[in-house]
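Note that the chains take the letters A, B and C in the order they are written out, and that residue 1 is the start of every chain.
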């Protein structure tokens, strides 16, 4: 299998705003046909990264290159921008008809009338908006507007598609149907895509790689499953929904994993670390099972008795906080919740598999900091 | 009451009979203020564009200065232009005082801040990311400028109308720098004042009505353009 | 790269449009004369008759700037006008003495009248002199409207107050309009007050005013118009040839004849009396 070509690369990028660095990117590469999600909390520099990569924001240091050519001259930047497309959180449609909106990128490029008509028709159809062609772009719903914005971006058949939180302003059903169509389009056209989002579900569903940003720096990059199950630090762990992060000391290292002392109790993990090392044990709340203290399975590994301290409703689930000597959160279905007759103060036992316990080892820098 | 009735009758008569002098005065008003508006639109929109779309130190001060300029009293402008254009003033060699050109210059000075201030506001009202969206669609700088103007066309038209309305009805500067010279620099407003002074209220009435009609028709025309091509 | 400004664009546009503005002005610029004159000559309509005749015969274009006599003379003093036509004899003589104007010649006269409401609350109808009429007005505290615009009319009015031994400044019945003759007459009529007006302007407005001539005939009320050329030795930039042509025209037989008949048809009597060449007017 040949290695896909690097389409877009960045080196030593530093973006400052009012003298404060808002983005630092020592190196970055985007491969052909890759779908990259950039995630991170608000203000982590995601949009800045996207604008910088689109050459819409000039970094105070560093440079961007496209297919190995450094984008410096005005002309090179301009030609590069004709190969990309961008969709923002707001649809930013022009005050004219839907048709002319979708055609705008093509008109800018001077395409012939016939070609424009065909392309507009094609992409309006892809996003199920043929019937809107002659409507004013000012009189569309939020979902329709964003569909037109996507159709406009696809109409120029870009080599790279840049999406800046395109669905954040939409309600969940609209978001899902639009996500679905976008995913299909990206897969079908094999368009290289970068999508900025603060919603992990968006990032999970369509991307081949995830890049996590925090405070202007890349904290982890990897496939969705890598990032989701093996976050490289506490921040990513919390961000991808590993609510249980327990600090512990490795007691012993066995063939199939570790024994870790956490608040006087012993946890088993399938992870790896050195004995006596201080580590973080991360467990997703959905991987924690709750049952009656006298239920079968007593004596299993990682089975702890505890008391319910808090109960929160969480959509179709119920989130239960437990005190097992350490603090543990579990996610249970509403059915299980009523079967178990849970309420604050109820005695339960909680269990999770050793393979559900992800170990985060402290980085050298962190260790240094702790020592001093 | 007699005076009003007679005035209106005479006004109607003058308009219907297309009195040559009245026609000439009307045409000059339209020409002077039209050209002045065109020039101020050129300067106002292009500078307004630069001011609105770039960031530079002192931008707020510049915008405040423009907004102050929107209320520039015409007589003050008239006085300054007169002083500058005097034969023995700094631009006396141009020999422009008491010419329609001088009136155009004064009116440009009056209308430019109006057009510029409203243009800056119009552009600042557009979504801040619109410019990035246009550039990301592959637009050249000129295409970007053009699309931005098109997006702000309603407030821009309002700016043009405000500029034109400001100068065609202005009197202080026109009479000072134009001199109200018969058949040469006499426009509707200066003629109205003069005819009132002469006690020819009927003619003054006629001229005012023509001025009103003129402003109305020009604004109607702009409104038509403004509302045209608005899809449902 | 993309944030570069484009001042070049604005500049090019500016230059194109400015040149457009300049092109509006006809090319025969050099052949124009600036005539600074009083509002009374303009408002009476006399110049509307005289100037086209002159323009046709001489080929010059006359730019008439009608302001108060004081301002007209000031324009001459500063070289901003080529030729002056005014009715403020004392100030005119001073201007000539100081070397700013030359060739001062009498053109015509009319006279001033004191007008007011026909009821004549101050009872000035049978006054022996203009000064007496003024002191009656002051005594009765009757409303008096002054132009207060340093025009020839205003200058004469001040002289009359002086002869009457009255200082009206600041008196509640003494109102200052700061306007031209026509507008001051309008205000006076509206408020039923008194004012001093030249006969020409008064006659041309009479039918709409409802003011009566209450006092006339005093030699002090003579209103004499002179034409002067701005001294080219003082201001080389002036169009002296044109100025001289216009001044010569004003005292020519042709112009004098027009002046004699002007207004007869419309008002029943002439508004101005031609005086060119009259030796007995030299004392003014």
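We adopt the following convention: a contact is a pair of C-beta atoms (placed from the backbone, for glycine too) under 8 Å apart; a residue touches a chain by one contact, two chains touch by 3 or more.
Keep in mind the model is a prediction, meaning the values are calculated, not measured.
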Central chain of the complex, centres being mean CA coordinates: B
Pair joined by more contacting C-beta pairs (A-B or B-C): B-C
Inter-centroid spacing, subunit C versus subunit A (mean Cα positions, whole Å): 85
Approximate Å spacing (C-alpha centroids) for the pair subunit A, subunit B: 55
Euclidean distance of C-alpha centroids - subunit B vs subunit C, Å: 32
Contacts with two or more other chains, residues of subunit C listed in rising order: 2-3
Residues of subunit B engaged with two or more neighbouring chains: 135
Residue numbers of subunit A (touch at least two other chains): 56
For the subunit B and subunit A complex, residues of the former touching the latter: 127, 129-130, 132-133, 135-140, 143, 147, 150-151, 153, 229-232
Partner subunit B, residues of subunit C touching it in the complex: 2-3, 5-7, 9-10, 13-14, 16-18, 20-22, 24-25, 29-30, 34, 39, 42-43, 45, 48, 51, 61, 63-66, 78-80, 179-183, 185-186, 204-205, 208-209, 235, 237-238
Contacting residues of subunit B [partner subunit C, same complex]: 3, 31-32, 35-36, 38-39, 42-43, 46-47, 50, 54, 86-88, 92, 95-101, 104-105, 108, 135, 141, 179-182, 184-185, 194, 196-199, 201
Subunit A residues within the subunit B interface of the complex: 51, 54, 56, 78, 81-82, 84-86, 88, 90, 92, 94-97, 104-105, 108-109, 134-136, 139, 152, 156, 162
